[in-house]
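Please read the structure below before turning to the comments.
We just call them A, B, C and D in the order they show up, numbering each chain from 1.
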């Protein structure tokens, strides 16, 4: 059995080319991967194109509502502006169907039911300034959210939110030659007047929700409908096969590990080290399995979307699954690049994870599995910890000191993005410029004095010292790997 | 003959300086190249200046049409806006000749004939809203492209495109002192109202086509007309000579190769290696021949343009040929830089492509012929493959996930340009900013969470790891070359 | 005693892990630091969030004043514009209380008393063009600053500044669910018409000062008021303990130094070198003490702000102290990162500041204490001096030559920021673009010729030569440290 | 004498510190340099501040003319717009004195005499559309430049330029506390309507010339007038002394060189090499002499400006001389940085230009005198030649192909600036964006396809290959120098 174990180990650490030479085993997994990369990319391009058109259609509709129903101001300062805004909206909504070049109808049902029933009417408003009830069909629902505190007697002081809700029905007609069918949508539009800050400004925003609803005239499904469904199903089957094959390989590797472990313990009378065990786990298989699962999920959602089963699924989730799945598939091909020019690597040296050490893998190893770069790892790891401590310190300091006055430091997340951009040399002068406009302290610690110091030290420290050291670390690792 | 072959080989691998010293052969090719670089650049500057003026003239005219004929909106939302747009255009077109400060006349013929004759009339429109027929001279042709589906009864729902076509005649007068003659143009203008998306917005665009037509008053040709034609002819002759000389050299090298091959096989009883054969192909000659062909093509088109033979040729093709040809000519001079300081290189070592290994060539070698950097090549090549796999994965993922919401990922090509700019540290903060505005998912996979991760990982991976490794590869190659 | 001194020295240069192993001493200081980093960050986030809301409220109010009281022009060219500006302001101020959606009242007292009493009236103005006195309640105070020179007979020629001052009372209402109480503010607004340049343009600017004043209706304090105060007090106590512990350590180190000094002088009969003495000063303790002092100061100001003691303290000072304190706390943790992987460093070699030489410290050392990088120091220091001499030369030259015409060189400070951005590759093309618009000299030294030379030489010199050399210095230092 | 020569040579190659130690010679030149750097910078700051105020005053005045005299359009499309522009200008000019808040009077004399007298009148215009002669005082002069060709009968077709010239008198009043006197200016304003392209657009531009003219009320000169003059005179004297001292040193060095040459030829019987001779020329002295000459010229012009001798001199020339002079003075101090830490350099090794080889000098040497870096020089030089050949090729190609359509390639100079910015990673995405808008070819060589290739190859080639190689060259030179 010792001889068989040695043979199996040797075979395990071979690459596809060697396996093919030795046992004439066809690289079935490789073929599947190459199929997958082609079909997944085709599916992605088809879906991405359609999704982009769909979003463009929705954006154009929102743009129509914004232009037809509202005049252009988005910040209201006086009470008269609020009244004229409401009146204008109601007048234009009545005109919308006939005046617009688009295809619009009205919805009769109440769009949503989360309007608090305590304030359903317009009674809070000065009725003289609102136009009469002849503009009430088709209906616009107003939801008023305000304080109950008795000592504030004016309506405007108590106002928190004022929501205007109404519905519109539209058709997404496709041109002759399009592969897709005509869709009909119910659009629930909400215009929100927001007074949460009570600072004298009412901010206006429009949002809309699109829901597919069956069209009145049913049309025959187009031929491409079937083709797209078939493609999705084919990809799901391929990915399932890929998962089965990879799981089998992972399982075999674990079985081999266990027998080698037993053998090793018997012979050397000590346990196999954690590092040696890790060599039996092939990270590439895990990556492929992850990519398969993501692609299957994305394809199922895509089929559901095409068949118009609208439950919890949506387009954004589908594009996210397909997109990340596709990224993983492309990255997974990196594995095979390593084999093309190295037929003669002696893989029998157990204890050295040889398939990690080759150059093309480095790019990928750096990210997921820096583990094997044993020598560089302590440096890189501690280096990253030090750099991120410094980075966090600067981020919090920048947010709290500059945040109220500087657009680019308004939240910790945005401050982090701004600092990251600065490290890479972007938008530096504009940051300095905006600094100069911040409010001034009456002390020696004036903003004009401290904020450039903050920026100069941060940039010099990170660009000249941290990045230089990081490049030095990477270069040294590269040289170390080449020498081995 | 062995002795003669050795002598010829030695002479072949000499550089111009050595050849001049040995046989007093004048560097005729070098002289021609230097002549060429001067004349080609002069020709380029003359042509570029004139072409730029011509395009500026055309741009100004389009700007006149846009300002005089159209009011400024480019997106129409209501039916009334469509009618007023058409009416305004017809009224202004009638006024154009007398009101504009430019020199305009009217064309009477139908501008183009590709207007589908099924909808030639204005019958589809509500005639009450269009102004009467007294604005029909000079004529504006309307081409309406719409559905034939009977169940859609409204004109606007069926409208796909509405093209307004009309013609104008103008004169490009030159000022006293100009080297060029006065030109007359027929301009065919097309205003397109585009409703292909059926999303409630009709997009308007203007385009125009300029066609040279003989002026009524014929003027004598200016003297510079002949000078420019003579310059072009002179350049064509020079380039032809250069092609002949280079082809002769290439042919001689191949003849020498064949005799050396026979000799080598007889002596060593094995075939000459592919690498050694390659040394007899001088890449510089190929480059010079390419540059000559491009320059000749460009010069011929330029002459045709000057003589106003307007067939399939145009200005953009001419500028492309002349521009790329000039780039190749300048690059070709790199060859001679390598000879100035290295008189004593022993070129007798056959088997080593010595004329590639010198430093000034590296810059150029890197691009076209990385072949000779035998040691660095496997690394560089596999490195590029790995990097481009990663890059493509990120590009597709970014396009499908962010594309619908983010301006910079709207097509795969633009996404690639945006990612390439990010790698070089450009426009990073704005990309982060626009990310934050994308629509949100209702899940844990919200866009706000995933898109910064996407950007952070991409930038860190490519700037800090990939670029550092690439620089390490280049630097190591440099050191390797210096040591040899 | 010699034996005891050796033992103490050895113990002194141990790190917390070794101390814990040897004497089972618990790392009390480390625990306090970790507590501090958590609580200080929590406090910072709470304060930062509130401060940002406060500034946003103030900004919104200023925006209300700018929109309601002023028409949009900020540069006045004609006398009529000045009169209409004043009249408009007075009319709108009377309307403000009733028309605005915000909560505004009027202040009756004179806002400030620094209005020069020589020109208190409107007598200087042409009274026909000003609207009548019925707009005088609520009052707007005009302060006119002008020349006394008799030979200038026109009012506008003599005008230097015209200040319009008035007051408004507003309430910052919090929404239900907010942790904070309602605040009331007196706002002193000042509109300044600035004619200091006498160049035909009167520049207008608005500024406002917010002062807390007790609200009329007193409300019960919310529960979080106490929690926040308690958190501040807790942090102050923790920081005091940290100061005491660190001061004790510093004092002990000095005591040890003195005894070692005596011992050393006795044995070697020469004084201990300055470098060796410096090793007994632990820079990390100094950093922690500074961060503690800053945090205590910030917390005290924060408590004062919460209790509404408004004296010399303000929000900006508080955010500055807390922010820089927090930065120091995060940086201080860098110290402990160095200990995790290096248990076996032999620290007995007196004379070598071993706790500085470890890698994680480098980042920090580079900045505060480059001293220990003895080898690199002379290079880095002289390098910095040389580079800054060059930089200053370019800065002054750019300011004086380009300053009058180029926005980015208008002051030496801004010129320095622009040059610093250029070094890091930002905004280069825009700088070139703006260069081309500068005025031209009639000489050979035209701006169009000199300013690109200025930019090309500066950028090439600093990016390609200075930065490359700086990176070379850093990398060499890194290699030197790794070798030791 | 041989002994004396050796001593003199040894003394010559000493630095100031050694000279001071040996002969107790005071470093007189050093003292003068330090004085100079202080006084020149003070003078620069005073002059720069005043010049900036002056330019701001002029800019504000031009802004007044643009706002008061012209309505905002700068491109005229119709004949009516031309008439209304002229009429508006004449009406506003009459009102200017009374309506503006600035201090303006009218000039009666003809502003300039270069108006071609062939078309002095308004006869070419349609007099019905121009307002009457009551707007002729104060006068506006119209200069019409048009064709004489008889076959073009319309005035607008023949129009090339239409200049409107008029004059204004203004006063630059200083505020109380200013160090400067009140100045009076005659302003000659020219509004140009430019129809040179005959493309239907008349471009309008305004320019103005400021000429000092004595004020009517003479005021006593302020005290600072004398102080500034005295400072300028002092600097001129200091610089003259510095020139004398440096010239003496250069002359002495040449005398020493000649005697050493004679001695060397006698002893070794061969001529002294050119490199060895060069060591006797101290580049620093030349730099100091250049800076002195520039500063003296600048100071003389500054004095002339203050005394209001207005001939050929102007402010821009003054700022250029002072600015470049100051840059040279600061750079000159680099020399002394090299001496502070190197007392023990043995400078007796003749043949090695030891004062160049020290580190602080490198920064400067790189630029002016790369000569001494004998080893790196051939590489650097040929490298630069190669890179600039490539760069020029790309520049011409980009200009001719993209120039007509792309803003950033409109002239070769601007194309060079754009490419230089791209190399440094600036504004890359915007360049790609604008590329996509260029016109399309009907061929396979469409602009959409070629222009990204152009950009991708250029950026990859220069950033990744050329810059990496350049950094490699610099780093190697640094290491070479350190080893010596």
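Please note the rule applied: contacts are C-beta pairs under 8 Å (C-beta built on N, C-alpha and C of every residue); 3 or more make two chains touch, one makes a residue touch a chain.
Because the structure is predicted, anything quoted here is derived from the model rather than measured.
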| item | value |
| --- | --- |
| Touch-network distance, subunit B to subunit C, counted in steps | 2 |
| Rotation in the CA alignment of subunit B with subunit D, degrees, nearest 5 | 90 |
| Chain whose average C-alpha position is farthest from subunit D's own | A |
| Fraction-based call for subunit D against subunit C, same above half, different below | different |
| Separation of subunit A from subunit B, taking each centre as the mean of its C-alpha atoms, in whole Å | 35 |
| Of all residues in subunit A, the ones touching two or more other chains | 425-427, 471 |
| Arrangement of touching chains [line / ring / star / complete / other] | ring |
| Chain-chain contacts as defined at top | A-B, A-C, B-D, C-D |
| Partner subunit B, residues of subunit A touching it in the complex | 41, 44, 47-48, 51-57, 60-61, 63-64, 67-68, 99-104, 170-173, 175-176, 217, 314, 316-317, 319-320, 322-324, 326-331, 333-334, 337-338, 340-341, 359-360, 362-364, 366-367, 408, 413-414, 417-418, 420-421, 424-427, 467, 470-471, 474-475, 478-479, 482 |
| Residue ranges of subunit C in contact with subunit D within the complex | 75-80, 82, 147, 151, 154, 156-157, 159-160, 195-202, 378-379, 382-383, 385-387, 389-390, 392-394, 396-401, 403-405, 410, 412, 425-430, 432-433, 436, 439, 441-443, 445, 447, 450, 452, 456-457, 459, 461, 463-466, 468-469, 471-472, 476 |
